[in-house]
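A short worksheet on the structure shown next.
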Amino acid sequence: MNNNVLDCRGLTVRFGGVLALNALDLEVGRGEILGLIGPNGSGKTTLFNVVSGVYRSDGGSIQFDGEAVTRLSPQALCRRGLARTFQRSRLCLSLSVFDNVVLGAYRRINSGVVHNMFRRRAFADELKLYVEKCGELLAIFNPQLTTRLFDPAISLGMIDRRRVEICRALIGQPKLLLLDEPSAGMTQDETSQLMRELIAVRRQLGSLTIVIIEHEMGVIEQVTDRCVVLNYGRKICEGRFAEVATDPVVREAYLGRAYTKSPVGPA
Amino acid sequence: MTSAQRAAPWPAIIAAFVFAGMLAAVAAIDNQRLVIALLCVFAVVWMAAMRLGVLARVERSAGQYPHALRGAILLAALAAVALLHEDNFGLLMIATVLLYATCCIGLTIQLGYAGLSNFGAAGFVGTGAYAAAVFNWLPWLPDPLVLVGAGLITVIVGSLLLLPVLRTRGHYAALTTLAFGIMFGVFVDATPVLGGPQGLKLAGITLLGWDFSNDIRVANFVISFYANYVLLALAIFALAIFIASRLDRSWLGIWLDSVRLDETASAVFGVNIGWWKILAFTAGNFLAGLAGATYAQMMGFIAPNNFTLADSLMLVSAVILGGIGNRWGALPATAILVLLPEKLQFIQEYRLLLFAIVVVVILMASPAGLVPRRIRRLEPGVVA
Amino acid sequence: MDIVAQHLLNGLMQGTVYGLVAMGFTLFFGVMNIIKFSHGDVLTLGAFGALVAAGLLESAGLGAWPQILAMFAAAVAVTAISGTEIARFFVLPLRHSPTLNILLLTMMLGTIIRECLRLFFPNGGNPQRFPALLPPGGISFGRVFVRYDGIILLAVGIALIAFVQWVITRTRFGLAVRAVAEDEETARTMGMNFTRVVRLTFALGSGTAGVAGVMYGLYYSEINYAMGVLLAVIGFSAAIVGGLGNMWGAIIGGYLFAGLQTIAVAIAPAASEYKTFFAFLVVIMVITWRPTGLLAERRSERV
């Protein structure tokens, strides 16, 4: 049995004349936390978008848990156990926290018209169940959120909104979680706290594979098992963070040739 | 639930009676100056209620005691009918307001819940009306079937537009229903078999053997036969509220909202966007057709110029003015839009102009409408 | 064959009017991402203004050509000013509102203009006779009769289309319009006076409609207070079918709509009242096939 949750081969994405992903090969092993790093515009979010079905690939193949899923719709991928967050926060701000989180459980909830409109007692039971689930999940990140379950999402601060987005991705019990810059806009302390919460959640939820896009190297170092570095849509390096951080090709990608004439010691 | 949030049933009950009373009063009084004075009083009362947080209390109460609210509305309606028992025109107008509000609720489901723009609503109402008129040629068809059948025909006609509605967004989507509204008007005007510009006549309703052209007699009390239509319209309005509220206060409401607010995020979490848009579009069209058919049979006569672009715009305006997404807001909004021009005869000529000015003012001052939609609180124990 | 040619000329005339209206819609959308539905009623306002101007000049004893010039001048002035002021007071402040609000707002503004014309213009509720100022008669090509005024108006219309195209594609102002249409913020950062560009764009688009209104009046010899409604819906449809923001799209859309109406009338003369029905039906089908219009660029949202 294939031990990779995600397997991308020769993945190519073009935007007009721009090659966002250039025949990319990428594997994500079951249960690992993979860091995805690279300079701006190197194709990290594009990769997430293609894998989650939001963009169509122009070439190559994607296998999810051994099954070919290239060109499937976002809904089909969600059904197979994929969940993600977005680089730019995508919460429905005029809806309550609960409404936002429970969206992540869409595939598990009974959306039959008759059930929802007429079988009110069954609906009430299901509602109670999910209110509890939401509360438990949010409590791992911030216990205060459980009292604000029915407040509008817009009344939450930035970090809490991030937490809500992550909970939205987690409540459906996905196999693979794609996190796109979860710590953007946060201070160092807030970021460390979020990462601790994330690790705690993963411990609770059992086997969950995570891919994190980050610019904050401290996060990558602290949390990931392995890293992949992209540049101009290609993979230029992979390995443990310590190895990747000192790789001259990686330094050149970030700092340019002028600064990589002589290798600098470990940070 | 904290004690601060646990409300009493009284605010909702009182509000129902007060509103019914206001409606009946405006419908009954003929003297224009008195009507204007009354309206000023109501406006002041309304604004005071908003300031003092009374409306919030009423909404909380209504949310927690739906059965009390329904009972109160029924009793209040019956009281209003009894009050207006001789006033044919007043009863007719109340029935019209209720049917109009039903169309607005259908539009709320499409627009306020699912985010589908519909600038041809009058075309759907008209489809229901003309369907009823055509069914009129089959006198053996019982009226309940006529009404439901008209709703279904409207759904079928609407389903022809599903493909463009689902594939387009924004302004391009607006064109689809806008064009349909115009097409409907042109079609019925040009087709002689549908009466052309002259329109069609219909017989009144007979439900379960009771002919609606009979006055209601209770002991020695005689109530004009239009009360039959008021009660039917009330039942249809109640059905509309039922559909809208069950949709909204369930998982479906959340899915509809998320489709409206963010299609990409919804898709990523598995939401079948097309299916929910179809549901909302269909439900709204059914209500429009049902209301249109009832209206047609009540009036006894329909013509193409009952269902013009201006009427579509009036419906959309009522939905926006009542607070977009607020299903109860349709009622006061339509009450104002329907009753005022009728009651204030001197503004009849200027009604469209005044109406347009009011809409412009409100859109500029309060874009979310007069009564904004409350956030959904699906707290366990509060589910109706 | 002669009937076909007759229809063809009628269609060309209609198409030019629709195209001019559609150009306005697309210009406004391009520069501000909004649809200004009062455009049709502004056109009507201009036509009524032209009527007044002609009347004044006629009582002053001036001949046909001064009257015609005055009509066009008055219409352009009235539409340019009213279009710009509507933009300034109602549309600019609300341009970040939801689509629906702006559509409804501008539709209502149009209604206000229309009702004011109906209520306050002398005998406004009835069709107004437009003076027949262009040379009457025409030339016969075999059995096809081509009106002189038709030729003149067609020439004027096409010249105007060409002029607007030239302004947009070959002048600095046009460049500014296109820059603002592409990206408001960047254009502002580059030093363009956003408000001024917007105002001038509205003046250009509305003025174009003014000419269209006078053309319509001169060709059909009458105008009425409600003529703007259907023209606006058709112009809007034409702009959408062509692809909002694309000038050529608007022009093609206009001629397409007129062409559809012409085909309907030519094929089934007995059922000519259905021509608009048929044309809209095809429009809906085109939109279903190409949800962003025939010529529009596909815009993608940054996810």
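List of remarks:
Lettered A, B and C in written order, each chain numbered from 1.
One rule holds for everything that comes next: a contact is a pair of C-beta atoms (placed from the backbone, for glycine too) under 8 Å apart; a residue touches a chain by one contact, two chains touch by 3 or more.
Quick caveat: nothing in here was measured; it's all calculated off a predicted structure.
With chains reduced to the mean position of their C-alpha atoms, the one farthest from chain A is C. When every chain is reduced to the mean of its C-alpha atoms, the one closest to the centre of the whole protein set is B. Between chain A and chain C the centroid-to-centroid distance comes to 49 Å (mean Cα coordinates, whole Å). Centre to centre, using the average C-alpha position, chain A and chain B are separated by 44 Å.
Separating the CA-averaged centres of chain B and chain C is a span of 35 Å.
Counting partner chains per residue, chain B shows two or more touched chains at residues 264. Those residues of chain C in touch with two or more other chains are numbered 303.
Chain A has residues 54, 86 in contact with two or more other chains. On chain B, the positions that touch chain A within their shared complex are 243, 246-247, 250-252, 254-255, 257-258, 261-262, 264-272, 279, 375-380, 383-384. Chain B contributes residues 111, 117, 119, 161, 163-164, 167-172, 174-176, 178-180, 182-183, 186-187, 189-190, 264, 309-310, 313, 316-317, 320, 349-350, 352-353, 356-357, 359-360, 363-364, 367 to its touches with chain C in the complex.
Residues of chain C touching chain B in their complex: 29, 35, 90, 93-94, 97-101, 103-105, 107-109, 111-112, 115-116, 119, 229-230, 233, 236-237, 240, 244, 271, 273-274, 276-277, 280-281, 283-285, 287-288, 291-293, 301, 303. Across the complex, chain A meets chain C through its residues 15, 45, 49, 54-55, 86-88. Of all residues in chain C, those touching chain A in their complex are 300, 302-303.
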